[in-house]
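Following: one structure in structure tokens, then a few remarks.
First chain written, first letter: the chains are A, B, C and D, and each begins at residue 1.
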Amino acid sequence: MSGSTFGKLFRITTWGESHGPGIGVVIDGCPAGLPLCEEDIQRFLDRRRPGQSRYTTKRNEADAVEILSGVFEGKTTGTPISLLVRNQDQRSRDYGNIASLFRPGHADYPFTEKYGFRDYRGGGRSSGRETIGRVAAGAVAAKMLEELGITVRAYTRSIGPFHIPDEKVDLSQVGKNSLYMPDCATAEKAGEYIASLMAEKDSCGGIVECIADGLPAGLGETVFDKLDALLAQAVMSIGAVKGVEFGDGFAAAASTGSQNNDPFFSEDGVISKKSNHAGGVLGGMSDGSRLVLRAAVKPTSSIARTQQTVSVTGDNSEITVHGRHDPVIVPRAVVVVESMTAVTIADLLLQNMTANMDHVRKVYL
Amino acid sequence: MSGSTFGKLFRITTWGESHGPGIGVVIDGCPAGLPLCEEDIQRFLDRRRPGQSRYTTKRNEADAVEILSGVFEGKTTGTPISLLVRNQDQRSRDYGNIASLFRPGHADYPFTEKYGFRDYRGGGRSSGRETIGRVAAGAVAAKMLEELGITVRAYTRSIGPFHIPDEKVDLSQVGKNSLYMPDCATAEKAGEYIASLMAEKDSCGGIVECIADGLPAGLGETVFDKLDALLAQAVMSIGAVKGVEFGDGFAAAASTGSQNNDPFFSEDGVISKKSNHAGGVLGGMSDGSRLVLRAAVKPTSSIARTQQTVSVTGDNSEITVHGRHDPVIVPRAVVVVESMTAVTIADLLLQNMTANMDHVRKVYL
Amino acid sequence: MSGSTFGKLFRITTWGESHGPGIGVVIDGCPAGLPLCEEDIQRFLDRRRPGQSRYTTKRNEADAVEILSGVFEGKTTGTPISLLVRNQDQRSRDYGNIASLFRPGHADYPFTEKYGFRDYRGGGRSSGRETIGRVAAGAVAAKMLEELGITVRAYTRSIGPFHIPDEKVDLSQVGKNSLYMPDCATAEKAGEYIASLMAEKDSCGGIVECIADGLPAGLGETVFDKLDALLAQAVMSIGAVKGVEFGDGFAAAASTGSQNNDPFFSEDGVISKKSNHAGGVLGGMSDGSRLVLRAAVKPTSSIARTQQTVSVTGDNSEITVHGRHDPVIVPRAVVVVESMTAVTIADLLLQNMTANMDHVRKVYL
Amino acid sequence: MSGSTFGKLFRITTWGESHGPGIGVVIDGCPAGLPLCEEDIQRFLDRRRPGQSRYTTKRNEADAVEILSGVFEGKTTGTPISLLVRNQDQRSRDYGNIASLFRPGHADYPFTEKYGFRDYRGGGRSSGRETIGRVAAGAVAAKMLEELGITVRAYTRSIGPFHIPDEKVDLSQVGKNSLYMPDCATAEKAGEYIASLMAEKDSCGGIVECIADGLPAGLGETVFDKLDALLAQAVMSIGAVKGVEFGDGFAAAASTGSQNNDPFFSEDGVISKKSNHAGGVLGGMSDGSRLVLRAAVKPTSSIARTQQTVSVTGDNSEITVHGRHDPVIVPRAVVVVESMTAVTIADLLLQNMTANMDHVRKVYL
């Protein structure tokens, strides 16, 4: 698995298993001179921490971050920033069942096929705790973007069948419900739905939407490393994500050119678009409008119902996954999507600095 | 733009503009000893060639490929394979209009913002002709996969609002209609729809579906370079794609865990799944089932209707895009999606060779 | 500084400053199923540890390594191996002098020009302690190579003007003197020389030689990622190294083709060479003979003599570098050169697995 | 062989074999807006062209370059620059001898071991003609550096035993002799020496020195991607190079700290060094002084004398290498070393743009 690094210039390398000593990330390429402290990062980590509402696992981890390198006297030094979160709640228990059976919906089977065996404790590297490194890195990226006037925000757009239509989206409500939805009324209904699924030992999924404002036009490299292509990789690489779309996304496939094209117009010397079906990306580059992406998150795979499966020795069997599991991981995925988006934008922002000789001359001449 | 390379071990680097001398690709890392000739590649290129039906542009290019390196006596040598397609139909004409205006839905505006100016002839690097390099590389990847019993096939799943439901998908019909749809009846209706849009100087989009069979379980690296994450990048990086999903994709977000989990079962010593909501990917790795992905393709941006836009000097203006343009690019995107899928799988297949010491010992001891 | 990662498949990312909380490395891409424990790594770290002889600094660090991830039940899992060494001896002292002056021979000046400021405590990221991560990774690489019958050994070939000629090299003596020289007689003279320099507040350099046995022919990629090219990067990237050569190296430049070419011969079906002027590398690939490289290590830059320099404010000044400094770092550099060589070979060994279709078929068919 | 790409932001990918249709390079990441025409590149290629003096092969190739992409109206567009040189002089001849025997000093044996077979015509990918792509890319890099006041120059410092001491180096003489030596008197003696070797069917090597002026302090990434480390890779990756050193290089290993350290001083607000034993690199970064590197080039391996070798079937045999071969390749290697140095500096110059927030703000705020 040499695929634990993401980014070309703002590069993050995550490591760590669910039940090992800890989880962490090394950020290499963060420019020097950015103010940074542990609190900046902790704030992000606290948003993904379990045990915060009745819809998240009871596992109670402080998930306290330690900056091991790369910061001196409150500023980044330009050297790798190593961040460590110790695993605390590794309560010893019997993993026998999970050790010998492949859980449906989980990485157990292909992981074993790939590596020959697996760390069966809590999903090992494929655990949701892997996202701790992503979120810690996202906090640093967001800090850098903030300095340049760029903000990235994610929230829950739908839970199971409960979807918030455009006209009801009110970002000021995101912080007012534990599902991080921009509409408290929908959040309430969604909460009831989740409660009913919990009673049935079932789970659900949802859609996370992420927006970014303040992007200069031109971010993104024009062939394989397009803004939307790298964001698609970044977001699809989050455990339970099964789909990613930009702007009108799949709906655009059923539209027409005359409806889907966003006309440009100019006002007071500023070029804008009259609509944003494109979600802020044209030809793989930011177009100056709001970036809009959505990620489809599948229902939590760990459910307490008995399911049919196969053992590591190839025998048909049944499995009942016990333990602490979120009936829906969407609310905790919100900050992960936001983090991966911030990391991707930060990287492309640095890459874009070398796009033309005018930029080069600004720095050196 | 240092983003013209894709892949870690099976690496492709594309180059070329719509109206420059040619278009090409360098494939570095194709294993030695693979039988390969120009005809293998030409067959793929012919599938994306314009001028083949009434729904594609009249631009008549032979798009004949020349192998410039990396093949000796009919086999790959392990050295870079350089492929060249000369642009032939560069009919001289007046680009004045396009040179001075930003076409809605196109890369013109962000491209100019990024680089300071642009090659305005036919979209330059952001032209659809950029995909020639992808398809040529895809042909080589497909040849390698074929040797290992892996097949990749793409087709048109929907055109505008005309979608083929699961029960009507018949892959044997794909080659029997010019839209590459696995249901000739839907294809006929879609054809009429396209004709009506052409009359209205409008365009439409659609959905390309791609499947891969024969993948061993375990392909894909488990964090950022997951099979689905890299495929998402690969496919989203194709010009007009606005969304990518795997298996049930966005529909999974509205499902429940008990419905969405695919139970494993064992028969005659072979482990399989009873359903395939996951689309063949678990934890970012192939799970031995059929890989299923879908790409949402937006409507062609170039339409002959008059649209509002802005000039490069920032003045409000109108634009009418003349020239030869496909009313729908979906049929031609089919082979591009298939090619990017093949390239991604080929790369991950090579990466996976080093996953465990058993593989290492098989090669060296 | 996004340059803290080395390797394409066996990838190491180091982090940490001399006087921060710790130093470490993340190894991504080590194949699963390799037996590994902390003792394997500690053994290597102990070889570079200070305070072991009168020629090394008195700084007494245990440099105890902790495996934070990637190992389960005594074997690598295929996931990133994160290794941490806490800095223990961070004795608080007055850095005022070094903080405000640029030390000759050190990175202080260009570091400040690059990043705008620097962590002046003990060299920060440019400290010799940065090599801890390299050595920890080297231990893991060496463990893997050992499984495949490949051994890498480094030793001190010369100290200042005291050079061991070919005919006196006796590898069995390397472990019998604290300078790690393959000739105890030369080591004794070198020791006296070092003592005399210490008395004069001066320092010296030397040459580290590294050999690798058991390499299969064909390792190394044939253009930019040649075996010798990547080893040159790997070894030149070690702090004080100013030159790298293979086989006869610079002496080859004064030789003739008839002398320098190594004739091949065959015996009992095994192809070998009658001489090894090439140092085991032909066309950038291993040729089956012993790999031989040498690294020129400059004299320790930190000397207690007063030197002329400039302050961070640009004023001419004098500096006397106090503190604990090795009069010669060559003996401690031995294990670092060995480690970087092992890491590079491990990476190229994995890369070479995908060189031809026969290898691919061995793994998959 | 996925190792045909060099550089992170200014990335070059070379391709092509000696006797295939052509040789070329794709440069991805050159900033937009750099004036560039074919003549800029041809000038560099003409310097490495064979047939220019009695010491180089008689093979008479025009080596005319064609720009296939990435330049529009005389300026780079920011998209990949594809450069093609057709092989013209592919005179058909009998390669039987070389096809079945491994030439001493050549890549034939390890190449065959690696890939299973080889293109035996003129060395295939391991031919000296592979450097055409490097030189074409070097011309573009040099053009960019020139805009920023940076010049890179290489020349022959020694031929066989004929070495030019520091006090005789006169750069104005480099262009006045066909060996590109900065001392015509030594060049004359070296020429006689080469003539005598030609009479004996033998060959010789030499040392190329390369200097760069005008580098800002701070170029180079501080751990693995140090300026000297990447230059070592870049230069060692040139076919016949067996050693690389910076500043005093191997001589520094025999020096002392008090002699080897370069004192800083300040004059009129400019910080400089009183000496340059370091060759312009401190801690892996440029220090504002002249960059000085040397490459040891081995004697030409192709000699007309009969040599002992082994056949591809493993039988002992003799070989006499006929054909057109340089008795010394050093003069033609000069522009290759210069090109690789320019490419490396160009890449690190772009990377360095993102080193600190001040640079970021200069571009975006």
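In this text, a contact is a pair of C-beta atoms (placed from the backbone, for glycine too) under 8 Å apart; a residue touches a chain by one contact, two chains touch by 3 or more.
Bear in mind that the values here come from a model prediction, so they are computed numbers and not experimental data.
*Asks:* What is the minimum number of touch steps required to go from chain A to chain C?
*Replies:* The fewest touching-chain steps linking chain A to chain C number 1.
*Asks:* What are the chains that chain A and chain B both touch?
*Replies:* C, D
*Asks:* So which has more C-beta pairs touching, B-D or C-D?
*Replies:* C-D
*Asks:* Using C-alpha centres only, name the chain that sits farthest from chain A.
*Replies:* Chain D.
*Asks:* Quick check: how many Å separate the C-alpha centres of chain B and chain C?
*Replies:* The computed centroid separation for chain B versus chain C comes out at 44 Å.
*Asks:* Cα centroid separation between chain C and chain D, in whole Å?
*Replies:* Taking the mean C-alpha position of each chain, the two centres sit 25 Å apart.
*Asks:* Counting only Cα atoms for the centres, state how far chain B is from chain D in Å.
*Replies:* Those two chain centres are 38 Å apart.
*Asks:* Taking each residue of chain C in turn, which ones touch at least two of the other chains?
*Replies:* 1-5, 8-9, 14, 29, 32-33, 78-79, 114-116, 125, 216, 222, 351, 354-358
*Asks:* Drawing the touching chains as a network, do you get a line, a ring, a star, a complete graph or other?
*Replies:* Graph shape, chains as nodes and touching pairs as edges: complete.
*Asks:* Can you list the chain C residues touching chain A in their complex?
*Replies:* Where chain C meets chain A, its residues are 1-5, 8-11, 13-17, 20-24, 26, 28-29, 32-33, 66-70, 72, 75, 77-82, 84, 114-119, 124-125.
*Asks:* Can you name the residues of chain C that touch chain D in the complex?
*Replies:* Touching chain D from chain C are residues 1-6, 8, 14, 102, 104-111, 113-116, 125-126, 130, 158, 160-161, 197, 200, 202-207, 216-226, 228-230, 232-237, 239, 242-250, 252-266, 269, 271, 274, 278-279, 282-288, 296-303, 305, 307-310, 314-316, 351-352, 354-358.
*Asks:* For a test of understanding, state which residues of chain C touch chain B in their complex under the given definition.
*Replies:* The touching residues are 8-9, 29, 31-34, 78-79, 144, 147-148, 216, 222, 349-351, 353-365.
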